[in-house]
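Common to both upcoming complexes is chain A, partnered first by chain B, then by chain C.
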Partner chain A sequence: MRILAYIGQRLVLLIVALLGVSIITFVVTRVLPGNPAYLIVGVQADYSTVAAVIEKLGLDKPIPEQYFLYMKQLFAGDLGSSWRTGNPVTYDLKSRWPATIELATIAMLLAISWAIPLGLVSALKKRSITDRLAKILSGLGVSIPEFWLATLLILVFFAIFHIAPAPIGRISRASPPDLITGMYLIDSILTGNMTALKASAKQIILPAVTLAFVIGAPLLRVTRAFMNEVLESQYIRSARAMGIPKQSLIFRHALPNVLLPVTTMIAVLYGYLLGGTVLVEYVFAWPGMGKYAIDSINSSDYAPVMAVVLLSALSYLIIYLLTDLLHFFIDPRTR
Partner chain B sequence: MSNTSPLIQIDNLSARIRNEDQTLFPLQGVSFSIERNVRMALVGESGSGKSLTASAILGMLPTGSQITDGTIIMNERNLALISEKEFQKIRGKEISIVFQNPKASLNPVRTVGSQIAEVLRVHERINQKQSHDKAIQLLESLGLPDPKKRARDYPHQYSGGMAQRAALAMAMACQPSLLIADEPTSGLDATLQQQVLDLLTQQVQHQKSSLLLITHDISVVGATCEQVAVMYGGRIMEVGPTELILRRPMNPYTEKLIESFSRSQDGKMTSIPGTVRPPTTELKGCPFADRCHMANKQCHTHLPELAPKGDRLIACINV
Partner chain C sequence: MLQDQLNRDAKKSLTHNMKWWLIKILYTPCYLALAIIFLIALIGPWFVGDPLALSVGPRLTAPTLASPFGTDQYGMDILSRVVNGARIDLLAGLSAAMLAASIGMPLGAFAAYRGGVWDQVMLRTSESFQAFPVLILAMGAIAALGSSMLNMIMVIALVNVPVYIRLTRSAVLPLRDKDFVLAARCAGLTDWKILRRHILPNVAPVIIAQFSVNCAWAIQILAALSFVGLGVKLPTPEWGAMVRGGSDYILYGQWWVSVFPGLAILLTVLTLNQVADRIGQIRR
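And now, the complex of A and B:
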């Protein structure tokens, strides 16, 4: 029963946080220089045309009133329209949000699969070759800019060795699968479309590897540091003094304790990825949320900016909630 | 194997710790033995090497350190030479230990019962259910109220005293012949100290085990242990029956140590002049020579060996 009360409390907090985010984003976008009306009508338009557009967009009203109108619209399920693409924002996001989720998820899984094992092994075998390799890789990962690594990978695997396809979005030399979730890999599998699956898998490899390397570095460091700390703890020493074999010391005694900080780190990184990975999306022409957000900001396209920020905040908050629930099961102290 | 041979005999044990910038010699020829079914105290100031001696007995020296000389004989095996794998069968089964902070000794994310049960399954041929039942029995025998429920609780739900009992239940689960207690009473108030010592005594007596009580506080030794070994600078200074040594200490170091723990008439506490000798070099003379009021030239150049004197062994060339 405690867990239900806890979830309820967190959901209330989630709504409060989203309201806060919406107010800040709304005010900041309106206060920043740049009026969409001028961009819409072009530099040659006369004053009355501009004024008419401003009035039509509702930008002549005071900001609190504009916000109130926006929220009313939002609660009716309408995210507004983008003047840049000419589409309703919901329509634009329908393809872009799944694109970002797909890339973020593949990148996260890749990062988990290399960083966590390497972090654990390097903590278990200090000063070994693996440990040194881990140090070098995590050092590179935190210092190399992701756009640079992306460009390097394109140069090597596409331009020189022709192993990877051209960095031109989510799929090439095949038509996209019938859309169900909007995620090409999943939709290809669901519809049994092997051609689309292969083509989209090839496209996602390089951007996913780029992100997995960059976000894997902090994950490796956290895993390594906490595994070290746990291995030196009194309870591991005590368990060893009771004759518990090494395998059980690592997997049954140490690992569950390391899982807490590591899952927190995963949540932080995944939340970051879901907010859109602007630079990598740009380099690989990936039609995701990050690229959409930047293009919208550059053209003072208010509705998409609001939508993207709110969606990012929502994903962050949901991931944190799920992580806390997970900790509820792993860590008896939180119960 | 005759029953009169000591349970464990340590002979000329020396250890070295190599750090990045220096080499330390924390144990420099430690010799003493623990008889069967006897409670023995190992006392000395911090830095004297007593905890490291315990680690050596358990084969759990910290990284960077190793035994360079000497033997630890138990049941005709030399523990200074056996492998980690062999040690796993000895730890928790033949030799067990309880540490200073019992709450930190228990894994925070696993139930207390499951931790005790795992120790039982590692050393004895019993199944999951039997091991859990036995864990509950053990908690009960240590006087934990409502043991069935308590076995399913996590360490953070235990009070310090209960955690102490749980840690002891785990250590005694497989009826070890030697229980080491590493500073079990430090940081506790006087009443709790006595409770813990009584509990330890009761457990080792009940299971016919020997106890090695490691403590810096010589005043807790008298009521608990039959034998006492006084340690300083990585060497044993004096060993013998507790009553004899506490009443008539002969080694000047033992004398000063006892003095420093007993308040004089006006309530003042005395301390031993000087500071503990850091183990940065190998000993040439008596480790206590620099602080000793009886020291002469020879003390600095001759390493005193433990020699029998009446019912005790003493390492001092002046007595």
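And now, the complex of A and C:
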């Protein structure tokens, strides 16, 4: 019963947060200086054309009414249309959203697979070479500009050693698989298309590694810090005094307590990734949401930008909610 | 007589303090590195050539003794540009972090100190902000407002404000009901005075550490904005713009145009982050 109350409470908070998000995007698009009508018709248009567009967009109405109309449009699933591509934004997002999710997921999995083991080992073996390495890597990962790291990887693996393919998007020298989910890797496995699988796997490695390095750093830090804290705690000391073997000490007593902050961190990072692959997508010409946003910004096409912002904010909030619910099952204390 | 003695003591302790600071800076690698970076930004430009001087001779030359970092596609000397870039990037980073702190800190302290509705509103707003893809939001705002340096500093500061609100709030909250605060309130001090004189000094280390991290972050955002072509435009020696300028040549193996300015960003940001870690350790 308590879990239902908890879910209810969190859903109310989610709605409040979403309301906040919609107000902010509304303010940025509609209220900030700069008349969107001029962006549509151009600065040289005559007065009557501008007036007609203003009326069509509802810009002459009072701001609360404009907000109401804007919300009505959002609830109808209408995110406007992009004049750069000539499509409704929802149509454009159908191919780009999976591309970003695919990249973010692969990057997250890579980050988890290097950062968490390294963090645990470095906490267990303090002042060892592994610990030093972990410190250096996490310091670098937090500080390195990801667009520069991406550029360096292209330099080393494409320009010098010719191992990686050219940074030109999701697939090269093969035709994309038949689309089911929109994620090339999954779709090519589902359709048994091995050439497409190989080609798209090659394309995703460098951007995913770039993101995994950058995202792994904070994950490593959190894992290391909390493992340290747990290892110094009273209950681990008592467990050790009771002669519990080291293996079960680490895996049964210490690890579950580290899991909580680490899963939170993973959720925060994954939520961040869904809107934060912009720079890497830009460098690798990855046709995802980030590149869509940048291309749209560069041609003053605002509907797609706001759609991307809204969608990533929404997915961040939902991921955060899911993690909190997950904690309900991981951590008996919250029940 | 006594006055003289006091003055002398004060002077002595001042020089003593300065000596102590100097030793501390020299023996802590990250402080030393930060000092060197600031020194480069301050006086470096006088020692290197004109960052905008176009060369009529060979362009895109690899590093040599005459130009240790090579030249870019317009024949401009990269060393000179990287050194001059330090001024622009550091100045922008510092001003953005300062602006963000000066807005976010009072708001956060006020929210925590007053509690109630204000606190909830502030907390929820800054939480909603956290859900946003900061970079895309900043890009959109810059594109709408125009990419002058002032606009960029303002936008970068604005996206950093929520961080300060939350940080100051969480630092002030446990202090609110401490005895010394109650005592100050009993003595009839105004809320503003209590915040300024009794609470803020106690949260200063956290804020200073955050300030350093924030500077680093501001520099990263500025460089990223310039890298995607929305921020500083090319002849200006800004690090992100320079990485962008060289990114086309990377494909052909001409690495020096992008690598050196990127390295400058990395070293500066790394140093600022290390300084923040260091300050955080002192607190504990």
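Convention: the second predicted complex is superposed on the first by the 295 of 335 C-alpha atoms of A that agree within 3 Å, B and C clash if a C-alpha of one lies under 4 Å from a C-alpha of the other, contacts with A are read in each partner's own complex, and residues count from 1 in each chain.
In this text, contacts are C-beta pairs under 8 Å (C-beta built on N, C-alpha and C of every residue); 3 or more make two chains touch, one makes a residue touch a chain.
Because the structure is a prediction, the values reported are computed rather than measured.
With chain A as the common reference, the superposed partners chain B and chain C fit together side by side. Looking at the shared chain after the overlay, A:Ile244 reaches chain B, while chain C stays out of its contact range.
Taking chain A as the reference, the larger set of touched residues comes from C, when chain B and chain C are compared. In the superposed pair of complexes, A:Pro256 makes contact with chain B only, with no contact to chain C. When the shared chain is aligned, chain C comes close enough to touch A:Trp148, but chain B does not.
By the touch criterion defined above, A:Ala217 reaches neither chain B nor chain C.
Minimum Cα-Cα distance between chain B and chain C in the superposed model: 16 Å.
Taken together, the chain A residues at the contact with chain C in this complex read 16-17, 20-21, 24, 28, 32-34, 139-140, 142-145, 147-148, 151-152, 154-155, 158-160, 166, 271-272, 274-276, 278-279, 282-283, 290, 293-294, 297-298, 300, 302, 305-306, 308-309, 312-313, 316-317, 320. Taken together, the chain C residues at the contact with chain A in this complex read 124-125, 127-137, 139-141, 143-145, 216, 220, 223-224, 227-230, 240, 243, 247, 250-253, 255, 258-259, 262, 265-266, 269-270, 273-274. Interface residues of chain B facing chain A in the complex, by the touch rule stated above, are 58, 60, 84, 87-93, 96-97, 99, 101, 104-111, 115, 118-119, 122-123, 154, 156, 167, 170-171. In the complex of the two chains, the chain A residues touching chain B come out as 233-246, 248, 252-253, 256-257, 330-333.
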